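Look for chain A in each of the two complexes below; its partner is chain B in the first and chain C in the second.
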Partner chain A sequence: MEHLPVLLIVVPLMAAPLCVLIRQPTLVMGFALVVIWSCPLMAATLLQRVLADGTISYAIGGWPAPYGIEYRVDALNAFVLLFVSSLGAAVLSYAPRSIAREIPQSKHHLFVTSYLLCLTGLMGMTITGDLFNVFVFLEISSLSSYALISLGRHRRALTAAFQYLILGTVGATFILIGIGLLYQMTGTLNMADMAERLRDVTGVRTVLVAFAFLSVGLALKMALFPLHLWLPDAYAFAPSAVTAFIAATSTKVSVYVLLRFVFSVFGVGFAFDTLGLDRILLPLALVGIFVASTVAIFQQNIKRMLAYSSVAQVGYMVLGISFASVNGLTASIVHMFNHALMKGGLFMAMGCIAFRLGSVDLDRMRGIGRTMPVTMALWVVGGLGLIGIPVTAGFISKWYLIMAALEQDRWVVAALVLVSSLLALVYILRVVEVAYFQEPAEGDAHVTEAPMSLLVPTGLVIGATLFFGLQTSWSAGVARVAAESLLGLSR
Partner chain B sequence: MSPSTVLLLTLALPLVAAVLTGLFDRRPNVREATTLVAGVLTFLVVASLVPDVLSGLRPEATLFEVVPGVSIAFTLEPLGMLFALVASGLWIVTTNYSIGYMRSHDEGHQTRFYTCFAVAIFAALGVALAGNLLTLFVFYEVLTISTYPLVAHHGDEKARRGARVYLGVLLTTSVALLLPAVIWTYTLAGTLDFTEGGILAGKADNLTLGILLALFAFGTGKAALMPFHRWLPAAMVAPTPVSALLHAVAVVKAGVFTVMKVAVYIFGIDLLASTHISVWLMYAAALTVMLSSLIAMTKDNLKARLAYSTISQLSYVVLGAALATGSGVIGGSMHIAMHAVGKITLFFCAGAIYVTAHKTEISDMRGIGRVMPITTFAFLIGALSVIGVPPFGGSWSKWYLALGAIDAHQSILVGVLMVSSLLNIAYLLPLPIRGFFSAPEGVANPKVKEAPLFCLVPLCVTATGCVLLFFYADGIYRLLAPLGGQ
Partner chain C sequence: MSPLGLYNYWVVIFLMMTGFYVVIARGNLIKKIIGLNIFQTSVFLLYLTMGKVRGGTVPIFAEIRADIYTHPLPSVLILTAIVVGIATTAVALALIVRIREAYGTIEEDDLDAINREE
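Presenting the complex of A and B:
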């Protein structure tokens, strides 16, 4: 049990190359599913232990903390690990039937390998307490996700993957430069240690530059407006399962890393009082929410529409960070989770639609509410979550966000957040009208409901958005504990 | 069974009905029987709690905590009891009517219709039984969403446009005004529980309270206070049973119920009366009463006229809440029931005329009383009750509202009530008068042809209800007495 933190990373990391050796598609998938479902179990155990006993520190190879690599698990990253691995597992359970249509069978084992590597990278970025390690895992997850996106059957998947590769590499390089500058100033790579040593050099320009490089790099990876340009194409042209997986996990982990850097390494005082980070994040978040939501309204490709919606949703997470208060951070953290569920579920539903229709264009979705009632009902529930209708998880996020804004007497921000939900209403309603109140096209009248192997995982994820809209002690409750510890208010 | 179990059962029954109606897609008779049985059971379960509430008990049930200190929780108090009785009672009648209307009209998507209908009733009951503002808000939104497919039922361009306005106005007001009001209340008072005497006294200055009251009054779009009334006429594209449900039972009543509940249990009428923050609301409501009555007179389409009449009548309830006197609150709350029964009769009649004679414009309805005497007579009774003439239920609520206005020293508002009754006469009575006294066009002695029994019986039942409510208003008064501190 004591090796759990490292097992969580090593198990999927070691399993990935084995998949290449096994090659036989069915065996590979069976093996990968066993491996991947062990991850949420381990993460859940970790979260439970962290909540009971406090932060866990694990020294890799037995080298003690500031010298060796430390894995450090607290409430925040245990929570992120749990939902990232759970969604990774849920989407992979959904993948077999979906990729059978979208990816040539000869590449199935490569898909699974990249998928496991990507998940490893994301979990590694989350669990590690070492700055350079963050970069290493970031590259693992990025490279594997470029490969995953390029598997899309449309030829534009290749350009989308290439575009992401260029911008993602720029982002990663910025992060590396930032880490390098910090190392130069402090002589350490351990986050906790660095937080101590940074206090002596707060005002030094090198530290400021390092901070700038890091935040711009991370903003690129999390697709914060206006650095989101890679995201819509990547999401729209990747295979359905890949989109669901990346949309549910990848940007959230980048938001997590930003939280970690800002609050645990640099400290609230430096980031907000000295640098005024809120004055940059707040307008970017708000403009991003409005621009991306508006652009989403005009999309014909619904995967692309949801991609723009993701850019807007990242805005909500960043907005919560910019408040630098317990409720604001709770909103951010809980929205990372809620949005992972909603967007993961929505893209899975899009995968069901693509499975039957072979297209995700709005025109082709006419009358689909009748031909694929279950899929579309799940889609609508997910969509209501994006608007923030009560009983869905999205409402909980909005609640904390508005409360955080009102606490600080930021009336305008609260009003803008509420108005922006109405933009979400417009783009969701547009699809609902076409799907339910128009007759299917001639050729699509025979379309039937998606197979159970796709519907069941989708239903579970969407069902979870309803569950966490009501029972919030496992989502918002944990997020609150994490927010308090980030602000140094407890433990 | 303990009262709190009964409370949850009340909510579970319509939900079960929604699932079952969905399952019996291919067996219409079973499907509609399920709805009927569920309606009767729900009503009986609600009614079984009346003695408890009358004796001063407040059954409670808590489900789960959503945000710290605020749970999805239910408390049954007199106002909610009244609304729950109205909603579940009229559900039975409306189901009967729907069976006649939907079948003789050969409407499509009937399963979706009955399922959404049951969900809407579930949501309305949730609003009625809500123990705190968050729960109320949650069910308020569920009600909006579940009625959207009903409004867009026909699915053509006109229906979709109407439904878009419907959803747009209701969601915009609730998300942009009501939700911040709820969260703001929470940050001020630290709780959202409905408490006798209110929770805001001494928690904020008068200006803040005034803004908060405005957010609540306009944010409750379902109360159709001008300028947020446009959704109601837009929703007229729906089939008539839906209009009956929307305009008499679930949606609009949930709106004014919310306003009343907030005034009594969040602000507290003592706070409203002592700070005078609700005076502007009285005049806003009075203005809505007058303007929408005037607009109603210009409408020739019967359903549109009834829609504007509804907007005007809803503001009576808002007015009762804003008066912040015992009689005003009782009169306003009583009006929820009185208007529900009266207006549903009018809509049933409009639908019956449409199904049988295929007429929608009032100017075409000359001599309709000779073709459909029972329907036209029921329309007359419903109209008289809405106008507020004894011996019909509507007279009592107007009586108490007028008393409340006098208590609040607002003699102008007494005048408004009188004039509005005159306007009601001017726009509601032409139909029965022309129907009975003008000769129908073309044929000299047309044959009597009434709507199908499934339509005819419900409208007779509700018309009788208008009379009975006059004689049994005492029961409602006793139920509501604790609200007015009497």
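Presenting the complex of A and C:
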């Protein structure tokens, strides 16, 4: 039990190369499913223990921190670990049927390998308390996601993956420069140790430059407007299961790393009072929300539309960070979780549609509300969450966000958040109108409902958005504990 | 210390900007990857430079022990980063091969034109 933090990383990491050796597609998938479902179980145990006993510190190989690599689990990253691994497991359970259509069978074992490596990288970035380790895991997850995206059927998946590779590597190298400069100033790579030592050198130009490199690099990886250019193509042309997985997890983990750097390493005082980080994050977030939502309205490819919506949703998370208050951070953290559920579910529903129609264009979706009623109903529930209708999880995020804005007397920001929801309403209604109020095209009238093996995982994820819209103590409650510890108000 | 005394850092900045410029300005995908490699190499040099101690020797634990030696940790970190850089290059080159097969070109302008027509 005491080795749980490292097992969470080692188990999927070791399973990945085994998948290459097993090769046989059914066996590989069965093996990977067993492995991947063990991750949310371990993460849930960790979260439970952290909430009961406080932060867990694990020294890799028995080398004590700050010299060895430390894995440090607190309420925030245990929560992120839990939803990232759960979504990873849910999407992989959905994948076998979906990739059978979209990826040649000879590549299935390689798909599973990359998928497990990508999840390992994302969880590693989350759990580690060592700065250089963050970079290594970031590259593990990035490299495997380039490979996953390039598996898309359309040849544009290749150019999308290449573009992401260039921008992703530039972002990762920026992060590496930032870490290097911080190491130069403090002589340590351990986050907690560095936070102590940085207090003596605040205001030194090297630290300022390091902060700039780190935040720009992370903004690239999380697709914060205007550094989001890689995202729409990558989401639109990747295989359905890959889009659902990456959209649900990868940008959120980058947001988490930003939270960790800003609040746990640099400290609120330095980032917000000395540097005025909020003055740059707030306008970027708001402009990003409006521009991306507006662009989404004009997309014909619905996966691309949802991708632009993701850029807007990252804006909401960053907006919450820019308030630097308990409510603002709670909104950010809970929205990471809620958006992972909603977007994961929506892209899984898109995968069901692609499975039957072989296309995700709006024109082909005419009348699909009648031919595929369950899929479309799930899609609509997910869409309502994006708008922020009460009873859905999206409402909870918006609620905290508006509370955070109002308690700082930022009426304009609160109003803009409400207005931006109307833009989401427009792009969701546009699909609803086509799906329910138009006749199916001649060739698509015989389309039937997606198979159960796709519908059940999709239904579970979408159902969870309703569940966490009503039962908020597990999501918003944990997010609040995490937000308070980030701001240094507890433990 | 005079600005020229920090010439290693000037080399780092020069390489960094050269690499970054090549990534942005060149349309040929292979040349972009070369630029990306130069960009990454400049960061390797940055790390190695910060580990160097004036007058220090190699950090090897031997019979005859030196008093001053170079800080070994940045070199070790950079070994990892070099491996990551090679992996990135390999994935990028593999993607370029696939792009060449699918499109018949590796010039960014031509690729954009083809993508826009579809």
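FYI, the second predicted complex is superposed on the first by the 491 of 491 C-alpha atoms of A that agree within 3 Å, B and C clash if a C-alpha of one lies under 4 Å from a C-alpha of the other, contacts with A are read in each partner's own complex, and residues count from 1 in each chain.
One rule holds for everything that comes next: a contact is a pair of C-beta atoms (placed from the backbone, for glycine too) under 8 Å apart; a residue touches a chain by one contact, two chains touch by 3 or more.
None of these values were measured; they are calculated from a predicted model.
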item: Which superposed partner A:155 touches (first chain B, second chain C, both, neither); value: second
item: Partner chain in contact with A:319 - chain B first, chain C second, else both or neither; value: neither
item: Touching partner for A:396 - first (chain B), second (chain C), both, neither; value: first
item: Contacts of A:136 with chain B and chain C, given as first, second, both or neither; value: second
item: Which superposed partner A:289 touches (first chain B, second chain C, both, neither); value: neither
item: Partner chain(s) touched by A:177 [first = chain B, second = chain C, both, neither]; value: second
item: Touching partner for A:418 - first (chain B), second (chain C), both, neither; value: first
item: Chain B and chain C contact sites that coincide on chain A, given as residue numbers; value: none
item: Residue ranges of chain B touching chain A (in the complex, touch as defined); value: 63-68, 72, 134, 137-138, 141-142, 145, 149, 152, 155, 159-160, 164, 167-168, 171-172, 175-176, 179-180, 183-184, 186-187
item: Chain A residues within the chain B interface of the complex; value: 384, 387-391, 395-396, 398-400, 402-403, 406-407, 414-415, 418-419, 421-422, 425, 429, 433, 436-438, 470-473, 476, 480
item: Chain A-facing residues of chain C, complex; value: 20, 23, 29, 32, 36, 39-40, 43, 46-47, 50, 74, 77, 80-81, 84, 87-88, 91-92, 95-96, 98-99, 102-103, 111, 115, 118
item: Partner chain C, residues of chain A touching it in the complex; value: 132, 135-136, 139, 143, 146-147, 150, 155-156, 158-159, 161-162, 165-166, 169-170, 173, 176-177, 180, 183-184
